[in-house]
Structures are given as C-alpha cells and as structure tokens.
C-alpha cells in the first residue's frame, strides 16, 4: 500500500537526522536556552523581518494552540474560529480544557471572512446582555486551512483591521504553513504574517521535522511570561535543542520551502489527473491536500493500492476523499497514482 | 412603565417573606443541613416519586448548570445542547470555564430531537478519529426552553432512549419548570421527569422565590460527593435554610403550581390578543413567555407604556418581541396591555 | 442548647427583613443594575473615600474569593496565603478549580508578615528556575483571620510595600470585616483598607445580612470586565437588588458597626470569664471568635448546655475550643455562659 | 567546563539514533498506533508481568504527571505529595492548571511515609467539615525522589495499604526510574511497581532517550479513555512511533538498565570521594544524584572547571550542591572530578 493519507507518515528529512547525530554528545543547557535554539530564533526573526518578536519552539500543534490561547485570553474571553477549525473539532476539547469557548462561525472552504467576524462582533457588542456572553478576544485561523485553502494577503489584512477595531488578537495556525507559502498563487510571505498576526506558527511536524512548531509572538502583550505557560502545559522539552536544531536545519538554507514546493507540485499533479478525469473538487486547494469527489466504483479500485482518507459522502454514488502529499512523497508513487487514475 | 420584560423583576411571594420572618431568629445548622432543607428534600422526593433521589438547593441557574456539569463529566467529555441553550450562549462561558465543550446542535423552536442526538452520536462513534473529538456524554435541554416551548413526554422518552444507547446523561434545566408543568397541553409531570432525567431542577428564582433552584439527582453516579462540588463552585449557602424554607413554602401546598398557572394564563391572554390582532408568533409557546411579531409602528407605541424585550428583526418593518409574565404579574396590567393591543 | 458554634445560625437583622418586605413588589432591573445596588455602591465608595473604586455584590465568601482570584491572575500565577487561610484549607479547592495554586506560608496566629512575603519573593526571583515555579502575583490575607486576630495598619502598609516591590496584588478577605473594625485596639478603617488593598470585601453573611459580600476593587487592573467573571462563576444574582438593599440597610446609618461592636463586646465577656478561670487562650483575639483551652472535664460539662466548636487537642487533658458570638447573640445567653464558666 | 549539572545535557544513546535512521522513511500510522509502539507496549507489559496494563508514551514528565492526574481525579479531589515533590514545586502549577490541589506533606529526604498519609487521611475523614476540604484521592511519589533517594519495597507496600484503606490511587513518578532500579541496595523491580501502583512511568528523557516517558496504567479505572486525555493535553505525538521505537531500543535487551548502572556507579565514585574528603552528605542517595556539603572555598575551586547545581546554603561557610551523572557521563570526567576533589 502506498500512503497518501497524511503528511506525518515518515520520520524527518535526512539532513535533520544527520544534524542530530553530529551534535548528539554535545552538552548544552536545557529548556530551549541552548545555542541552537538561539540561532533558530534569530533566523526566524530575520525571515519574518520582526526583530522584536519572540520565538518559542513547541512539540506539536495542539500544544501550540492551547498554550498560545491559555496565555492570551482571560477566563471570560473566547476565540472566534471557523467551525471546521482544528481547535473547534479536532483537539479533544483542548481549548475548553483551558477554560475558553471556541466561537464557531460557518466556514466557506475552511475559511472565515473579515465580514463575518465584523458582523459577529457588531452584534455582540450591540447586545444589551453582552456580559452574559463569551467575549470575542481572538480570531483563530489556519492557513493552509484544514481543507488546504489559503488566506490571501488582502483577506489577512482585512481580518487584521477588524481585530484592531474590536481589540482582538489574530492567531494563525501554521501547522502546514510551508505548503501554503510555497503554493501556486500564494501572495503571503513571512513578513506579511508577522505584520498581520499577533501570533502564528511555522509547522515542523508535517513539514519535514520529526516534530515541532515554531511559535512567533509579535504582540508584546502575548510575550510576557510565555515560557511559564509552555512549562505549565507540559510543552517545555528538557532537551530543547532538538527543536532548535531541526528548525535551524530546515530554515537556514531554504530546505523548508523546497520541501514544501515538492509536496505542492506533486499534489497539483494529482489534482490535474483528477480534473482531466472529470472528477469535481470539493474545494479549490493549491496546497498539499487535494479533495476530489470520486464515483464509488473508482474509489474502491484505488483503495486496493493506496491509502487515502474518506472525506464525506456527497451523493448516493460519490464520495469526497483526501489525497495528501508531503515533503517525503516520492515522485514515482505520484506518477503511479496518476497513471492509475487515468486508467480508471 | 409596566414591566413585561422578565420574570425576576419583583422579590418573592409574600408567604415566603412571612416564613423568613417567622423563623428568622431560630438557630439552625448551616450549609443545608437544617430541618427546613431536610423537609423540603423529602417533599420533593415525594412529589417526584423518587425516594432515592438526592435533592440539593443552589442559588441560581448558571450555578446549578455549571455545578451539575462539573460533577458529571470527565475532562474530555461535553454536553450536547441546542444552539439556543442557556449554557451555550448566555452564561459567559461558565461551562467552558469548568473545562467542558458545549456541543451545539441547531434548534427548532428552542428544542433538539432524539433523532438529531442519535445522528450526532452515530456519526461521532463511527469516525475513526473520535479520540480527537470531544466525547458526547450528556444531553442538556431546557424545558420550558429559552423561547417558552415544551418537551412532550414522548420527546423526553425518546431522548432517554438515545442517552441510554450512547451511555449519556440527560440533564434538564428547569429554571422555569413550573410554567411548563402548569401549561395548557403539557403532558409531563415530576415523576416523569425523575424517570427520564439523570438530573433536573425546579427553578425558584423565576417562580416566586427570592432565589434558588432545587436540583434533583436521580442517577447515583451523579450523587457521589456532589456537596463538595457545590462548595467548590461557590454555591454552598452558609444559611442554607433560606433555600429549604422557600421551596418548602412553594411546594408544601401547591403554591408553586398555582403561581405558575397564574402566569401562564395571563401569558395566554396576551397571546390571544396578539393573534386576534393578526400578529404572527415567532414560536408556539403555551408558557409565560410569548413572542409575537409586531409592525414597527405598533411596537413603538407599546414601548411608551410597557417594557418588553426585543427579540430580533424579522423583516424591514417587523420585529419579534418577548412579553414575559410571572407569578407576580397583575391581572389589571395584562388587561391594560390587551386593551392597548386591541386599540392599536 | 444555646449555640456559640458559628456566626451564621440565624437569619438577618430584622430591619433587613423589613426592607425586603417594603420593597418586595417593586419592579427593578436585574443583575445588580437597580437603584438599591447603585445607592449601596455609592455609599460604600463614600465610606471608603474611594470614589473610583468598583463595588460588586456577591452571594458568599468562597464565591467572592474565587471570582476575584480568577479575574486577577493569569494561569501561571498564584496567591500567597497563610496556611490557615480560608482559600487554602476550607473551600474544597475552589481556587485550584480556577487553575491557580495557593502558595501557603506558615501562619503565626492566623497571620503572615511582610517579612515572610518578602523572603518568599526574594528567594523565588533569585532562583534560576523560577519559570518552573508558580509566580507569586497576589497576597491573600483575611482580617479578622480565621482565628479572630487582626492585621494592624502598620502590618497592612508593610504588606502593601512588599506587594508594590514585587508587582503583586493585595487582597483582603473581609468575611468578618465588621467584627475587626469594631474591635478594641483596632487601628484600621475602611479608607485605610481602600488605600492598602487592591481588592477587599465587607462580609454580610456573618454580619447581619441573610447573605452577601460587598467586593471593593480599587485597582483599575482588577476592574476591567469583572462582571463577566461574576456571571461566569455563577455569582450574578438575578434579583441583584436583594444584595444592594441589604448592604444599604446595614451601612446607611452604622448598623453594620453597631452589630459588630455588640458581638465583639459579648465575645470579650466570654474571654474575661475564661481568663479569670485561668484558661489559657490559643490566640489573642479581640473579635467575635474566642479560643480558650479547656480541661476535658469542664469542656464536657459545658457541652451539655452549649454548642461550640472543638479546635484541636492541646495535650492529654486539654482541648482548644471556639466560642463564636454574632450580631444575633443574646446578652442573656452570654451571661448564662459566663456564670456557668465561673461555676465550673 | 564539564557538566554534572543535570541528566539531560546530551542527545540520546547512539543506538536510538541509529534506529531512527534505519526506520526513517517507513510509513506508519500516527498517534501511537504503529507497530513499534505496539511492540514496546508488549515488552513493557512483559517486563512488568502485567498483561492487562495499558502503556502510553508521552513526551515529558510534566506532561505525564498532569495527564495522569487530570484523567484520574474528579474536580474536588487532590493528590498528596511530598512538599519537595516535582508536581508541588517545579511544574509551574501544571497540576493546579488541571484544577487540582497538591496536598503537600513534609518530606524526609524527599520521601513521605505511609504513616504520614494515614495520619492525614484519618484526620481528614474525622473532620466534620471534610466536604469543605479537598478530598485526598491520590498519593503521588517519585522514586528516585528529587534528591535521589529510593522507596523500598516495604515502604511501597505500606503506601499501597493506606491507599486501599482510603480508596486512593498510588502514582509513582519514575522520571529517573532506571537509576533507582539499578541502584545498590534497591529491592524494588518492575513487577513490584506494577503490583503496588495504580500508575507509574519509566522515564526516558533522563535515561538515554531523546525524550519520552512510558506511562503504565495498571488500574482499569485509570485506563478508560486515557488517549482522549493525552490528545486534549497536547501530548499525542503525530509521529508516535518515535516514542515506541526509543523505548523498544532501550528495553529490548536491557540497555536501559545498563545505562542506569553506569550512571549510578559513577555517582557512587563521586560520593566516595566526597566522603573520603570528609564532606557530609545532605541525603543518603545511592542513585545518579549526589548532594555533598562543601566548604565555600572548595566549591569555588570546583566551579572553575565543572558545572553543578547549588542546592542551598547549610551554614555560613558551607553549601550543599548537586552532582548529577547520567547514561552519557564519561568515566574520564568522573575520574578527573574525583582527582580534583582529593586534591582540594
């Protein structure tokens, strides 16, 4: 079986393992206070053109989300998110376990708009009983979203404006950030993210690292005492350098972006094959996740050779599915899949 | 101005004040361990035909909701509720502050159905990643709902069945329970509630008491150590007898139900006047809350003399409003309102 | 049996019941936004000479403590308290349930000193691993303490200084505040409290009200959005005026202080009788709680006629006990007790 | 500088890196459901002679502690621990952030006794107001403790008995478990731990792995839905096999114990050198942490060449320090240190 079911099936890019090997017996300070973390932080600040940003390395995405949100919100405040947002449906209530409500808005292709947020906040603050309702204090978005779509620069800037208007934080979950930055048609870069967001992260787990997310905090209000929160929520890795070293390897010469491009291009090949075959797409994704709608018969045939994820029945004879590529996907596997799709 | 805007504008039924006066200088044990609480508990158990139920007196509805839910759920579990449910939208995130997600389903007239719950649970448990999603462990309903509608006996029994099927608790918020039990067409009584629900409460605050809700726990799994939770969440009244005495007064000779009937009948008079006038109703309520849809002009005229609550614009020239009667509403005030509606 | 076991055995001062009766059928806005609450707030601000303070009325002491602390602290911060402090040992973990650690210091007669707090903070901030330890951000004291002792003006000012030095809040639990203010030798008044503390409260429950605590927030950092927290923690009384009216009655003409003096004087009579009898005192209290150490035989004799609280065995033949007077204690009961002590 | 300041300065045992390399491009299921985790679980169950135990792999110690405690306790329950226990002082309030109080008892050499726990529980349940106090439901111990001492088999069995008597869980933090099992004079093994404890873990982070702790749950009451808690608290590693593979490598042929013996033996050499020099020991440790008390002058000389941790001033001219060895400590470094101590 060839796996296209997720982007965390393999270990890490070989260069990462090599660096771990090379530095293995060095003795360094723990808890992220080693030279590798320091270098990786400086590098990320440079790439973001955000010299005053704080950078923290966490082990995984749920941990990053819950730690940022626990640090940012007072108890009566909540985070607006798309109803499809990872924090709303796929983290076992991690945000609620920190005491905060996720204020879900209906998504369009995994996204929410500044207009929706504006309308929500306007209605909220106009209600005479607003003190009886959770106060919206953060807008959480993921880009790429859970269905592979991207926020444009214009959309981000519009969200920034509505956040400013209602004194809210903008927090971008970048578990697959590289796949977005490398995508065809993308007009967002790291400095734009640093300007628009109070907090965001560069995912490592799904982007070539063994594990790890690099959280960038640009808003000083979120920076204060953040390391306490990391420790309290169980995210302070004793051998913190493992995280610094991985991000250093991925980012110091563009490997992160090269791997992302690789995955995106292969995903686009799958997409083209599906389109040529006449399969509609559930959403227009230009990143490493593709969601064609297959006739049941074709789906069953492909399942005999490939692993991929069911994504909901569309009608009596068609289902949406997800094909996921990654930094580790082999070209020959994609070519095989493309050939098999054509031959259906 | 005559107030029809809520059911907690006045103090308490005069008999309650009289009993407080009569017993004022008695010395009793604190924290609900006095004879009045004991008598009130026995009385409620009898009325519910539930000799093994626990009865606890709490000060208010939000407190009752959060204490029951904190006692019932493990950290990864949540409560299914209508999106209009009080715990979902009007308690400032009280449930999330206990760490639990409210799993909101779309309401119809303030209610959710057994079919909706069944579909939700079926899909939940069929999902391969269910461990990544909050586990539904409770169904929370309010009856009367936030828009005055009622669950029928059949609907409650159907919810009970789906709760049994998926090992969930059924918890009924009865902040206005009396107004429901006394309503025309209601086919539910206290023993039915005790049979169908794992936990429910008889509201006092909106039903003639100064304050107080009587929580009935029929499921032994919810009974263990419940008093700790009351204390921990700030709900253990030092002079607990104030609660016991009020429920004793309301329930020992049917005052609770008489006051509820009074409010319901006056609400139905307002409803009839609206219907005769040709005003549509937002929902079909037979309890103390009525939601006619008024032309803007009529609404403005009535606002000069009465207080009532806006309930959302329906179209460019019509708004829904809420008229709320209570145990304390005076007949002459309702007759005046009815006359004024007719005269519009 | 005559009860000296606590200060919440009876209802409320008759004038309070009378005011409840007189205003019972008035219609007012809910949730503390009525004229009585407004008047009571203004009155308390005047008494405290703190025109910019916020005043909020809560139902009980545990609720007041947990709501203030939840509003004040970020997740990694804790409250320093005496190990005998109410929040540390007698609230079923209410503070921990809000996510915060109580940092307990050894008490002397129920109190902690500025020196202790200074030493704690100094050591804390000098530790290289302070990010791994809960950050002290509040000092919680009760005055009178749980054993009836009082903080002096000088002690409060010293605590204020150390709080300023380490950017901490000073929060005073005044569940029995009146008994302290009225005590012989007390040199603290309400304006001093408002100057020294960021937050404190005037207890009502144990001081002549049916229930209720008046929380005074002098620090603007604690004022923001406080009402959300009240609602979220279940403390927002629908008929909020019940609280405003009670504090208005107690404070508008000094009843609060007169009742406190009454209780203190009777307590001092019990104390004198014990001292004359040669009973040592566990602590030097000048307030309504007295803690003599009795020979077992005398204790048993008194127990046949009076209820009072055991307070720990001192040696093989002696136990400490607590006698508690209140606003409601009758002079003749105290005279009887005094006579019986003399006759032992 | 040669580091003896902690046991997490280096990466991982080379064999672990080699296995990561060998398996790097394999595609496996995520979230701990891969064959390596399965094999490691079976192996641990065998080593523990506990075929029905659940084994879960978590990234770090704080995460393991907070996840087990969040899974085990209801909101009003707390965990008894030594005041020096890691959960009490060195996890930034992680346990309180899950809502639970740590009930600290005074330690002797980092340990608490069954007698202390018995006395605590006896007093607790005898108190008439126990519902107002956090209910002890778990005993948390670490072995080796934070100061390197060990619980004996007899001590563990005595704690088990008192836990049974008061229906409490016994949870052993084994962040340095191997160093304990390999220590001279130790009479505890894995099957004994599995019999005595409801939950415990084998530390990996400080024992030769890059990171990771293997949590063993022997009590079925703790097993239910545990994976939800892992996910909710941010501990579910996407590439879970990284954890399984490391424990497999450490445990399949005894490497874990060999590395532990290595560290312990080197620690004992340092200890002997200190004793020969006449330095008193703060505690009698036979594991990888040693706590000699040094004259200030000697300390300063050693600091010029070695890193180690200050552990508190003992008198005006002496300080306790900690020397820590690990799986990675080089014999020549220890010999150098020993020589330098002798030469002081």
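Letters A, B, C and D mark the chains as written, and numbering starts fresh at 1 in each.
As a convention for this text, a residue touches a chain if its C-beta (ideal position, glycine included) is under 8 Å from a C-beta of that chain, and two chains touch if they have at least 3 such contacts.
A quick note: this is a predicted structure, and the numbers were derived from the prediction, not measured.
Enquirer: Between C-D and A-C, name the chain pair that shares the greater number of C-beta pairs in contact.
Expert: Greater number of contacting C-beta pairs: C-D.
Enquirer: Look at all chain centres (mean of CA atoms) and spot the one farthest from the centre of chain A.
Expert: Centre of mass proxy via C-alpha means gives C as farthest from chain A.
Enquirer: Suppose each chain is reduced to the average of its Cα coordinates; what separation in Å results between chain C and chain D?
Expert: 42
Enquirer: Just give me the whole-number Å value for how far the CA centre of chain A lies from that of chain D.
Expert: Measuring from centre to centre gives 34 Å for this pair.
Enquirer: Distance from the CA centroid of chain A to that of chain C, rounded to the nearest Å?
Expert: Taking the mean C-alpha position of each chain, the two centres sit 50 Å apart.
Enquirer: So which bits of chain B are touching at least two other chains?
Expert: Correct list: 75-76, 91-93, 97, 99, 131-132, 228-229, 231-232.
Enquirer: Spell out the residues on chain D that touch chain B in their complex, using ranges where they run on.
Expert: That would be residues 70-71, 74-76, 98-99, 131-132, 135, 225, 227-229, 231-232 of chain D.
Enquirer: Which residues of chain D touch chain A in their complex?
Expert: For this pair, the touching residues of chain D are 3, 6, 8-12, 14, 17, 20-21, 23-30, 59-63, 66-67, 91-94, 97, 205-206, 210-211, 228-229, 231-239, 242, 328.
Enquirer: Going by the contact rule set out above, which residues of chain D touch chain C in the complex?
Expert: Residue list for chain D touching chain C: 75-76, 78, 89-93, 96-97, 99-102, 104, 129, 131-134.
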